[in-house]
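The following blocks contain the structures, represented as structure tokens.
Next, two complexes with chain A in common: one pairs it with chain B, the other with chain C.
Right after this comes the complex of A and B.
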């Protein structure tokens, strides 16, 4: 399948590099790649392992709150704050994943939703820790520094974009590597036919759990970056609408493809930005677009593009 | 040398006894068929042996070790592979990837960092099996797009990928044309060299051609055991099963 996937990691990095120039304002680009990272993490579970989670707001929110809270309380360094976010999201995924994976299909989806909503209500009640309804405010934005070597203020729109860009590129490379590894192949096997995968000697329960945790970790990273980006954590980050938004992004871009969710996130936020400039009822415009997409391009934007290029190059579908 | 033995193996589903007190014995390198009318308990017996279901009573030994109640994925790792009656493949993966995934199952699945495409010996083994099952030229096709006959062969190929000691073949020729059936019989004969096989099959010609020994199940119970000549001559078997079947 020719140039488009073999060089697609490189290609997407180049595109991401110039996004701030293409966007009406840099912050939109930053938002796009943070949500892109979130959708990418979500897709490990949904697109590759075939597990529909309807509660990924939980790991996004856990990462966001953990980073915010630790920065407020300890005034620790930037990277320590981000690490805390990823770690807490990971722990959340370990526990919630373990419990949700006792069930399959729709029950699994409902359990993920239920746990996310529990976290949402917990955060709304536990005001002393999370700031409750108004959200977590006044989160310090520590500089990027290596003590004694350098210290840079990264909180200008353009600098912060490239700061996030660094994490996103690193995540893309790591995820690409994982999904092309023997482990990644087993995930796809489970998606295609879990019973047969188990019959082949794969401990599918444990592998699905690991996939859940990985997915939670990248979602947590997205949450941590989001906190630094706006210096605030909103309660709605844990709300089920956020989970729905993540799923929509993955569907729009093309689940089961590597870049699809990333592109879906970008297109979603771009449309939202443009349309909401004209009307506050932007969801009314965006809704039909989604319906049309799902009806006519069920493989999503990237999935459809890929199919197109394959038809021209005449080679069978592989990866990307 | 004995490779598999069951003792008083029983499986009940509510009031229904699907498998009832089955004592079964398989020698190394033997091809043994299990025949019997629909609902005789053949597929359930397979599921008990490969760990997909737990027996209600009774015990199972494989290579001298008890495997009763051992989880399915661990039974597989001990060397029992199943080829299913209803095609059970990975539809949206390529033919090659279907077999590669099976071969890879003998290694740790928790390898997140090396490239699957450049794995150690796994790809070579998968290529070899593709050649064996005659699908080398369909390497890059999605399994869903293979013909039914090709999928039946892929089904066997996936089972072989785990490098089994004992192969359970559940109606490998079901739905195949006479020509395809003949090719499949040849394939089974070839792959059975150096491993033990239990075959569930309805086509009597296939059974008589391939089997060293035959066990006849009826309503979950063993009603006869012996070599093909003995089974052909057995009055009870003729009455409950072979009576209506032309060879």
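Right after this comes the complex of A and C.
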């Protein structure tokens, strides 16, 4: 199975390229890759560094709100809006990450949750900035342009899918580079045994912080793209159920695998789409699936498939 | 003080005390379960909410608040024990994140089940006739009788729990298990029975908190969500696994919330998190925390 690791990025790109054809409607495909990107960012922290965050709605929401607010207030260009979203999410991750990383293990998870809830309540109170409970509306959707060269309207379902696809490919290439680098190996070393990593001379606190910020940045990017996609930011994007959704996607797909988050986001949203056609109470179906996942398949869909294939091919286990 | 009359201030102190008592009931359960089993019970908020709904059913069935007050903790504790026996137990010794994820998934199912059975809108929950009306304190301020009742009941429960943990043999085993469960097992004690019991007690307390809070806060499917997060904050501030910490920090944060809603009402939802950030910066292990416990 070595070829999957070597060509894993290429394979995801090919799969994502044809997703709009496979889906019942393009918008579902767009949802999938935006949430896939979010789960990918989350996976840096949970899957690779072994830090369970229960508050990733914070960076998704910060990115979403920052992009929305700056587009409304300044009518700046598309890329400036997205950059603002990523930047603000980064700043949020720097501050919250610093505070949360003062504790480890379970406490860390509870702290990330508490700080995300704090942002949620702040956004609900600060109506002049965020629009409060009804959400941030009427966000302009600027065209993709290079002044004097070209200007394209990207807001048709298929065009927007490929616009997001561009960002996802870029993120995948960057992340693959990072996770395969010595830095990425240290992250996994911290996940397996933090004390040993520290004994080897790594400043594990600094590295965990960097991983936190990196994870926040990609989540912020997903938030910014989501804002452009629906021209709206809902307060519930900051709510803890969003954090839970991200976590469940990563868990379903396979934490600590490169493919996993996309598979998780895809399967999750596809199931949600199918089940909600029958009942609005779709958690009653998905909930038991997650209970089974935690109890019997903690490596998720992709992790289980990989373990299965490796057992039969006899090659040494690899992360990929 | 800041132009706020004394009677309002006193009223708010008592309101904070009631809120603090609910915090304490939930935080003690969380803390006991965490201390002995090292499981963060994410379903605690959902069990609190179920406590209120089961209370509603009991009231309809028996028509008697006092009987419901006894039945609800037993039912919810029973559900908690079933969750421990059939699900959580299978994950001991694995990654400590798994029970957290499991109870999270269970809480989603529990919330959704209530939405299906009872609908998404809330229900009122009337306090028993005996406890309606209010008590006048020296002509200074009057306070609802039911809320005073909540303070007294919770104080009694905490007292009994403390006596149980400090003075009985089973309490000794629980305290020993929190320090070193392997050692307790070496002494020939079947600790899995103690785990089951502690899970039952902890979740039963959550059910009691649910029915006690119902007449004050109403009954609706999401009532446990914000409460759960706030109780996490209480346990983090108090120090997980510490009973004293849960009591002190629950009462303290109850006062902080109610005072903030008097002076800066907009910040009342946020202040608890700010308090937590401050405590963490000064003393990362919490006020009474044992540093290094499951870190």
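Everything below uses one rule, namely that the second predicted complex is superposed on the first by the 319 of 320 C-alpha atoms of A that agree within 3 Å, B and C clash if a C-alpha of one lies under 4 Å from a C-alpha of the other, contacts with A are read in each partner's own complex, and residues count from 1 in each chain.
Here is the rule we use: a contact is a pair of C-beta atoms (placed from the backbone, for glycine too) under 8 Å apart; a residue touches a chain by one contact, two chains touch by 3 or more.
Because the structure is a prediction, the values reported are computed rather than measured.
In the superposed model, A:295 makes contact with chain C only, not with chain B. Of the two partner chains placed by the overlay, neither chain B nor chain C lies in contact with A:305. When both complexes are overlaid on chain A, the residue A:58 reaches neither chain B nor chain C. Touch criterion met: A:111 reaches chain C, while chain B stays clear of it.
Legend: residue contacts after superposition of the two complexes on their common chain; A:12 is shown touching neither chain B nor chain C.
Legend: residue contacts after superposition of the two complexes on their common chain; A:207 is shown touching chain B, with no touch to chain C. Between chain B and chain C, the partner in contact with more residues of chain A is C. Listing the residues of chain A that touch chain B in their complex gives 177-178, 180-186, 188-189, 192-193, 195-204, 207, 210, 315-318. Against chain A, the residues of chain C that register as touching in their complex are 34, 38, 40, 87, 90-91, 94-98, 100-102, 104-106, 108-109, 111-113, 115-116, 225-226, 229, 232-233, 235-236, 240, 266-267, 269-270, 273-274, 276-277, 280-281, 284, 294-295. Contacts from chain B toward chain A in the complex involve residues 50, 52, 72-74, 76-77, 81-82, 84, 88-94, 97, 100-102, 104-117, 119, 122, 140-142, 158, 161-162.
Residues 52, 99, 102-107, 109-111, 113-115, 117-118, 121-122, 124-125, 240, 244, 247-248, 251, 281, 283-284, 286-288, 290-291, 293-295, 298 of chain A touch chain C in their complex.
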